[in-house]
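Shared between the two complexes below is subunit A, which has subunit B as its partner in the first and subunit C in the second.
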Partner chain A sequence: MTPSFPALTIMEAKIRQLTEKDLERALQVFRRSLDHEASAYLNSCVHCGLCDVSCHYFLTYHDLESMPAYKLKLVTDVFKGHFSRLGRTLPGLIGAKKLDHAMIRAWLDSLFGRCSLCGRCSINCSIGINITQLIRAARGALAAIGLVPPGLQSTVDTAIQKGNNMGIPREDWLETVEWLEEELQAEVDDPSARLPLDEPDVNLFYTINPREAMFFPLSILAAAKIFYAAGESWTFSRENYDVTNYGLYSGDDAVAGTLSNRLVESMLALKAGTLVLAECGHGFNSNRWEAPEWLSKHYPFPVKSVLEIVADYIRDGRIRLDPSRNSKTVTLHDPCNLVRLGGIIEEQRFILRHAVADFVEMTPNREKNYCCGGGGGQLAMTNFAERRLEAGRIKADQVRATGAEVVVTPCHNCIDQFMELNKHYQLGIEIKTVCEMVAEALILP
Partner chain B sequence: MGNIDVNGQNVATNEEGFLLDPDVWSQAVAAALAKKEEGIKSLSEDHWAVIDCIREYYTEKQQAPMVRKICQQTGFPLKYIYQLFPSGPAKGACKVAGLPKPDGCV
Partner chain C sequence: MTLLPFAVLVSLLICVATLTAMVLRSRAFGKRALHAAPVATATRGIVFAFGTGMLPWEKESARRHLFTYLAGIIYHVGVFTAAGYVSWRLVFGAPAGGSALLTVFLLPGVAAGVFLLLKRLFVRNMRRLSVPDDYISNLLVNYLLAASAVDAVTGTFTPGLYLAVILLLIYIPLGKIRHCVFFFYARYLLGRFHGRRGTWPKPDLNEDAS
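Moving on to the complex of A and B:
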């Protein structure tokens, strides 16, 4: 029986049109993206199955297709079928498979549709296989033949064509910054307070998730207020302010490199000191860790999360906070790309202990935390939205167990998923960024 | 795929509740979307001011307006927009106004 994939209906016409040449091209891209380390990983799974209960998709659906080891097997089987001698001559003996139309569907459904690239399976793997990296490599092969699910691909395309992932025209961005500057001046009662644009030779070059400018600008205002209170010298770029990089999720290294390089170019042109990444999990992982690899480039400047900057302000006494201004019970969600995959683990906790009166951890937390369900491009891929919400139940339960009234998370992607979880599971919570909590607690001089 | 019931007629939406065909939008569709997606029992004059502003912008430019434009046009303070549409301008207001899911709305 041929398995059916209802979530792929929207892509079916494209899949059917694939030629042998297309499949060959996908395989070439796949092979090129595998270094020695990856090839070793592809031969290492012992099928112990320990990864299954680490995955929020498996915990939701309890089916084979959601098991990390199965997803990895889909990738491994193709690798063996095309790139190992035994697999090419006696495929049945070692379970090697060809990349054909059926396999393409299985890849799309499991590797895009049942994975948020959260990396939780990798830290629970008894061998230590970097499963996330291998799934991303397979996504990259699909990207090479135009088979990234449409919502995710259009997000990438918009970023490439329009300079930011929401297609914000430049005048609208400048107008929004101007408006927020007026708001800041009113809030701190100082007409000299600024949101600088293209200011050369400053300490910090700040970036945002375009979603902030487009629909949720209070988090921009919060960051600007903190910079103001700390007496920071900083700037936005008129052109390149987008911290996101959905090439991380589509698996397309060339596109991902192009997007990250924009920030590098602007940094160098403005001779800014530090590239500061807004509260955006995948934007941090992309620009802090992956981009130098994509670009084969050593960054001549430090790259930091805004959380590191704010934590330093508190440590150095550059800002003072009154935690009693945030009196509700607050819990913290750890974005996978910032925490498990990014290494920013304690800063947000340090900040919250100074900024809120009642902070409780959810369980598990830090690098063991569950994905909210919105990562890996899931929020953009409408065809898998139902699974995303169902797999988010684990997160909803985690939040409920804390009894918190406010969920703070340093990631706009997570915030969007939490807004949907809030509605779907009727959590009745407020959802905030770390900077928003800090701005609320700021004691202005 | 999903659908909503508008006075006994089925109107198709995507998996996230955005209209599949923005041209089928009507005030009745907006009322049904508001009820289902935002839990708004009846749309107030202020809701309509936001919806009209978004539709006007969309009809002209084929894209969603930034929240700055919505505030400017309606004269409402930012925080009031979030009170009117708890899911925010994109997944709340734009959805009720019948727009397709905005680009990069993730």
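Moving on to the complex of A and C:
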């Protein structure tokens, strides 16, 4: 019996039109993305099922299709069916399968529609399989035949064509910066305070999530205010300021490399000291960890999260904070790409301990945190929106259990998901970035 | 009787040769150099991956599936005991005495194996996840553990024991028991991944107490 996938209706026509040649192309791309590490992982699963409870989709639906082991199996079955001698000889014994139309549907539904690439299953796997890496490799094969869910693909296309994922025209960006500069000057009461653009030879080259420019300009202002208070030399770029990289989620390494390379080129052109990534989980993972591999190059400059910079300001006494200005109970959500996959774990806690009066942890937290449900490109893939919200219940319950009034999260994707969770589950919370909390507590010089 | 130990050795050679070929084929996929600058040494992550990172208080999946996790450990203790017993038997012949004590490890191993089999059969998601290899692997190992236990007590089940060993050794490269090799590599790789990124082990909280 062919399972039906209602969430794939918008893609069904495309799936039906796939030819043998398309499938062959997808396989070639999949094969090219594998190295000996991936091959070892693909040979390792023992079907113990222990990883099931690590996935927020499984905890929500309790079905086979949401089990990380099943998602991994979809990938290993195809690997064995095409690239293993035993799989080709005795497919029934080990469950080897061919990449056909039915498998494409299963891949789309489970690997795009039931996974936020959060990496929680990998650290919980009995063997130690990097499941996330393999799911992403399969997404890349789908990307090669034009089968990335439309919302996600259009976000990638917009970034490639327009220079940022929101398609913000250059003039609008420049006007936003100008307006924010005036705001900053008014706020700090200093007409010389600036939001510099394309300033050469500065210490920091700062990037943002374009959603900030479009919907949350106050978070840009917050960062600018912190830089001002610290007396930092920094700059934005007129062109390349987008920290996001949805190629990470579509699985398309070439596109992902192109997007990240723009920041590298601007860094080199401006001769800036450090590439500083705004509060964006996947932007951090992409540009800090993955991009050097996509581009096969060692960066000649350090890449840091703005959280590392702000934590250093506090440690070095470059900024002073008054936590009593943030008197509400605050909890922290750890973005998977920044924390579990990025290694930025204690900085945000260190900062919050100095910036807020009452900080409580969620349980579990740090690298063991649950995904909020917004990662993996889920926010862009509207066809899976219902699942995203339902699977977000795990996070909503975690927030409720803390009794916090404010959820702080250093990621704009997470913020978007929290805004929806807030409405859907009536959490009654405020949602802020770390820099917004710091800016609020800042004692200006 | 003299033929069987010889057959065990031949199947061991076949097993090792096939697993080696498999590892080499896996390596032929190519190695990629890493370019991102690490924040910590990979070694700490690797040590964590093989140590604390496998314990229930660190690994939520183990904690939440505690019974299965413990069954898995008991099962593997049984396997290593059987491997040691068979090796002794092959090299030195029947133990002079006391081998019945090994049943302390072997019989719980059999019970754990049966538990894991029943779980696979009766838990719906597990059944749907499973392929024939999962059952064959389990039954072959269960048979080995049971045969070792019987032989350790009676000293007369040697042909049955050697047959179990031969079947298992021939089967290992075909199915999931190949994880006896790939487990170490996969865990090493995941440890290196999180070690370089500074996620494993967790930073010392006292480092940041200021």
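We take it that the second predicted complex is superposed on the first by the 445 of 445 C-alpha atoms of A that agree within 3 Å, B and C clash if a C-alpha of one lies under 4 Å from a C-alpha of the other, contacts with A are read in each partner's own complex, and residues count from 1 in each chain.
Basically, contacts are C-beta pairs under 8 Å (C-beta built on N, C-alpha and C of every residue); 3 or more make two chains touch, one makes a residue touch a chain.
Being a predicted model, the structure only gives us computed values, none of them experimental.
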Given the touch rule stated above, what does A:218 touch, subunit B (first), subunit C (second), both, or neither? first
For A:103 in the superposed arrangement: first (subunit B), second (subunit C), both or neither? neither
Output check: A:174 vs subunit B and subunit C. Expected answer is one of first, second, both, neither. What do you get? neither
Report for A:419: first if it touches subunit B alone, second if subunit C alone, otherwise both or neither. first
Of subunit B and subunit C, which one touches more of subunit A's residues? C
Touching A:270, do we find subunit B (first), subunit C (second), both, or neither? neither
So in the superposed three-chain picture, is A:385 touching just subunit B, just subunit C, both, or none of them (first/second/both/neither)? first
Could you say whether A:166 touches subunit B, subunit C, both of them, or neither, answering first, second, both or neither? first
Per the touch rule above, subunit C residues touching subunit A in the complex are 22, 25-37, 39-40, 49, 53, 59-62, 64-65, 68-69, 72, 120, 123-126, 128-134, 136, 174-176, 178-179, 182-183, 185-191, 193-194, 197-200, 202-203, 205, 207-208, 210
Residues of subunit A touching subunit B in their complex? 151, 154-155, 158-159, 164-168, 172, 175-176, 179, 210-211, 213-218, 244, 246, 374, 377, 379-380, 382-383, 385-386, 413, 416, 419-420, 423
Residue numbers of subunit B touching subunit A in their complex, please. 14-16, 18, 63-64, 66-69, 78-79, 86-91, 101-106
Okay, in this complex, where on subunit A does subunit C touch? 34-41, 43-54, 62-64, 67, 69-70, 73, 86, 90, 92-95, 122-130, 288-293, 295-299, 302, 315, 339-343, 345-346, 349-350, 364, 366-368
